[in-house]
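Both complexes shown next keep chain A, but they swap its partner, so chain B is in the first and chain C is in the second.
Here is the complex of A and B:
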C-alpha cells in the first residue's frame, strides 16, 4: 500500500462481505419458501425476504465499488485521498442507514414502514429494487455525492489516468441515474419506462464502466503489461458497452405498454450486448498470457479471470438467450429471468468486487503483496465452490424456466401459474441444494481471511525458461 | 490489438459513440411519449386508481407478483388478473380478503393484509386499469399470465 489513506477501503470491504453473508442467508430462506411455501410464514413473508436479499446485494456491491475506488484512486492519482475523514463518516452513515432500513423491513409490516417514514410526502416505495423508504434514498444521494466529491477532487488534483477517468464517469452515471428513483408517476407505463433508467442504465450501463475500470486496474497491477495497451482495451470495451447497452434498454420495453418499434431496436441492440463482455474475456486472458511478472497473489488473478468468464456467460450468453422479442414474448417474467439475473450479478459484479478485495486486502493487512499460500488455497477453493454452485443454480433455474414457459405459455393447453410451480418443484429443490453449496463456499471465503495469517507470504516465482534454454 | 489502432482512436469511439447513442435513446424516448396516450389507458386513471397504485406499492405486491411481467416470480402475473377473474373487481377483492392469517400448511399463500373496504376497492380498480394497458401483441400470451 503506497498511500496511508487507501486504508479506508478496509472498512468498506469488511462491511461488504458481512452484508454478502446476510444476502445469501436470505437467499436460502427464499429458495426454501419456493418449495416449502409456509416456511417462516407469516413472520417473514417471501416479499420481505426478497427485499432483504436484493437490497443487501445492491448495498454491499455499492460498498464494494466505493471501497475499490478509495483503494485504487490514490494509487492511480499518486496522492493521498482528499478528506479521508469524510470517507469514514459516510461509511458509518451508509452502514447505519442500510442496517436501519433492513431492520425496518424485518420488524414492521411494509405498509407500516411506509407510514412511519412518511412515504406519502414523496412516494417512491414499493417498486422492485427501489423499496427503500424515501428518507433512505435521500441518504443514498448524500452518501453518493460526498463520495463523488472526495474521489473526484483527488482525481482532479492528482495524476489523471484512463482508469480513474472511466471509474469517475461510471460513478457519476450511477449517481445521476439513481435520481430517477424519485420519479414515480401515477401512470403505470411511465412509471415502468423510467424505472428502467435506474435499473437497466445501472447494471447494463454505467456499472459496466466501473467493472471495466476495476478490472483494468487489477490487470495492470498483477500482469505488469504496459498501461497503454490495457487502457486502449478499456476504451474499446466500454465504448461497445454504451453503444449496445443504451438502446439495448429497449429489451425491457417490449410488453409494458410501450410502442412496437422497441421490438426491433431492443432486439437488435441488446443482441449485441454480449460483445463487450466477450471482449472483456479476451482482454483478461490476453493480458495474463502476456504478463511480464508472476504476481504472487494467485487468488486475485483467479478472481479477475473468473469475473471475465462468468460475466460473459451470465450477462452475455444467458442474457442473449431470452433477449430477442419473439423469444421474450414467452419467457418474459419467468424463471429464465431469474436464472440470468443470478449468474449475471455474480459474474459481473460480485466477482469483480471479490477480485478487488482479494488484491487489496493483503496489503491493507500488512502484507507486501499477497497472503500466505495456505490462505490462498482456501480462498481459491471458495472461488470454485461459489462459482460452480452458481453455474448449477443458473442451470436449475433455466430448467425450471423452460418447463414453466412451455406449460404455462407455449403448449396448446396452458396451465395455471401455481399448478405449474408444483410441477417444477424438483428444480427448485436442486437449486436450493446448490445454494447451500454456495453458502459453504462463502463460509470458506470468510475463513480464508483467518487462515495462515502467521505464515510467510507467497513469493513471486521468477520464470527461468530464458536461462535454462 | 493492432498498433495502427491507437488509444486516442479508441477514446474517440467511446466518447462519440456514447454521445450519439444517448441522443438516439432520447429521440426514441421522445417518440415513445408520442405513442403513450394511445396505449397507456390514461382515460381510466382516476383518483381511485391512483390511490390503488399506492395500496399496491405500500404492500410491496411486486415482491411476490409480476405486473406486466416485471417483479418477483413467486406468485401469479397480475397485469391481466382482472380478465382472468372474469372481468370482476369483486372477485379480486374477495380473493385478497379471504387469505388465511396463518397461511396454508406447506404451501405458498398470500399474506392477510387486513385492507379496508376502501383500499380493497382502490387496489382492485388499479388492477382493472392495468389490464386495460395495450401491450404489444396483447402480451401475456394467454389468460394464465
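Here is the complex of A and C:
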C-alpha cells in the first residue's frame, strides 16, 4: 500500500463481506420456502426475504465498488485521497441507513414502512430492486455525491490514467442513472420504461465500465504487462459495452406496451452485448499469459480470471439464451431469468469485488504483497466451492425454467403456474443443496482471513525464461 | 511460398495460428460450416507452414470435428431418444447444448490467446497430441 488514505477501503470491504453473508442466508431461506412453503411464516414472508436478498446484494456490491475505488484511485493518481474523513463518515452513514432499511423490511409490514417514512410525499417505493424508502434513496444520493467528490477531485488533482477515467465515468453514470429511481410516473408503461434505466443501464452499461476498470487495474498490478497494452483493451471493451448496451435496453421493452420497433432494436443490439464480455475473457487470459512476473497473490489472479470466464458465461451466454424477442416471448419472467440473473451477478460483479478484496486486503493488513500460502489455499478452495455451486444453481434453475416454459406456455395443453411449480420441485431442492455448498464456500472465504496470519507471506516465484536467457 | 506475414519479433506462423483459432471461434459463433471450410482450405494450403501455425490448424480442425459431433450428433441423439415433444427432452437438450457449446468456445478463447502469444496449445480432451517441435 503506497498511500495511507487507501486504507479506508478496508472498512468498506469488511462491511461488504458481512452483508454478503446476510444476502446468502436470505437466499437460502427463500430457496427453502420454494419447496416448504410455510417455512418461517409469518415471521419472514417470501416477498420480504426476496427484498432483503436483492437489496443486500446491491448494497454490498456498492460498498465493494466504493472500497475498490478508494483503494485504486490514490495509487493510480499517485497522491493521497482528498478528504478521507468524508469517506469514513459516509461509510457509517451508508451502513446505518442500510441496516435501518433492512430492519424496517423485517420488522414492519411494507405498507406500514411506506407510511412511516412518508412515502406519499414523493412516492418511489414498491418497485423491484428499488424498494428502499424514499428517505433511504435520498441518503444513497448524498453518499454517492460525497463519494464522487472525493474520488473525482483526487483524480483531477493527480495523475490521470485511462483506468481512473473509465472508473470515474462508470461511477458517475451509476449515480446519474440512480436518479431515475425517483421518477415514478403513474403510467405503468412509462414506469417500467424508466425503471430499466436504473436496472439495465446499471448492469449492462455503467457497471460494466467499473468492472472493466477494476479488472484492468488488477491485471496491471499482478501481471506487470505494459499499461499501454492494457489500456488499449479497456478502450475497446468499454466502447463495445456502450455501443451494444445502451440500445440493448430494448430487450426489456418487448412486452410492456412500448412501440413495436423495440422488438428489432432490442433483439439486434442486445444480441451483440456478449461481445464486450467475450473480449474481456480474451483480454484477461491474454494478459496473464503474457505476464512479466508471477505475482505471489495467486488467489487474486484466480479471482480475476474467474471473473472474466463467469461473466462471459452468466451475462454473455445465459443472457443471449433468452434475449431474442421470439425466445423471450416464451421465457420472459421464468426461472430462466433467475438462472441468468444469478450467474451474471455472481460472475461479473460479485467476483470482481472479491478479486479486488483479494488483491488489496493483504496489503491493508500489513503484508507486502500477498497472504501466506496456507491462507491462499483456503481462499482458493472457497473460490471453487462458490463458483462451482453457482454453476449448479444456474443449471438447476435453467432446467426448471425450460420445463416451466414448456409446460406452462409452449405445450398444446398448458398447465397452470402452481401445478407446474409442483412438478419441478425436484430442481428447487437441488438448487437449495447447491446453495448450501455456496454458503460453505463463503464461510471458508471468511475463514481464509484468519488462517495463517502468523505464517510468512507467499513469495514471488522467479521464472527463468529459457528463451530470453 | 510465404507461409505467413509476421511482424518483426513474432514467432514464424503466429499470424496463421491466430487466423486458425479465429476461424474455429467463428465456426462456433457466427458462420458455422463456412468457417470450417475455410479451415480445411488452410489445412491444404499451408501443409509446410511453420510448426506453430500447422499445429493450430490441426488442433482447430480436429476440435471443430469434435464440436460437430458433440453439438449436432449428440443433440440429435438426445432428441431422437427423448421424443421431439417431451418437455424433459428439451430441458436436457438445451442445457446440454449450452454447456457443451460454451465449453468449446472457452477452449477456443484460450487457443486464440496462445496463438496471439506464439505458443502451441493442445485442446483439452479433444485435441490430438502436439508435435515435438512446437513452441509451448
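To be clear about the criterion, the second predicted complex is superposed on the first by the 465 of 469 C-alpha atoms of A that agree within 3 Å, B and C clash if a C-alpha of one lies under 4 Å from a C-alpha of the other, contacts with A are read in each partner's own complex, and residues count from 1 in each chain.
One rule holds in what follows: contacts are C-beta pairs under 8 Å (C-beta built on N, C-alpha and C of every residue); 3 or more make two chains touch, one makes a residue touch a chain.
Owing to the predicted nature of the structure, the values given are computational and were not obtained by experimental measurement.
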{"item": "Partner chain(s) touched by A:22 [first = chain B, second = chain C, both, neither]", "value": "neither"}
{"item": "Touched partner set for A:406, first chain B, second chain C, both or neither", "value": "second"}
{"item": "Partner chain in contact with A:317 - chain B first, chain C second, else both or neither", "value": "second"}
{"item": "Contacts of A:50 with chain B and chain C, given as first, second, both or neither", "value": "first"}
{"item": "Partner chain(s) touched by A:224 [first = chain B, second = chain C, both, neither]", "value": "neither"}
{"item": "Partner chain in contact with A:119 - chain B first, chain C second, else both or neither", "value": "first"}
{"item": "Touched partner set for A:152, first chain B, second chain C, both or neither", "value": "neither"}
{"item": "Residues of chain A touching chain B in the complex", "value": "30, 33-34, 36-38, 41-42, 45-48, 50-51, 110-111, 114-115, 119-120, 123, 125-128, 131, 162, 184, 186-190, 192-193, 228-229, 231-233, 235-236, 238-239, 242-243, 246-247, 249-250, 253-263, 265, 329-330, 332-335, 337-338, 408-410, 414-418, 421"}
{"item": "Of all residues in chain B, those that touch chain A in their complex", "value": "1, 5-7, 10-11, 13-14, 17-18, 21-22, 24-25, 28-29, 31-32, 35-36, 39-42, 45, 49-50, 53-54, 56-64, 66-77, 101-109, 111-113, 129-130, 133-137, 139-145"}
{"item": "Contact footprint of chain A on chain C as seen in their complex", "value": "85, 87-88, 90-91, 94-95, 98-99, 101-102, 106, 109-110, 112-114, 116-117, 119"}
{"item": "Chain C-touching residues of chain A, taken from the complex the two chains share", "value": "278, 281-282, 285-286, 289-290, 309, 312-313, 317-318, 321, 395, 398-399, 402-403, 406-407, 411"}
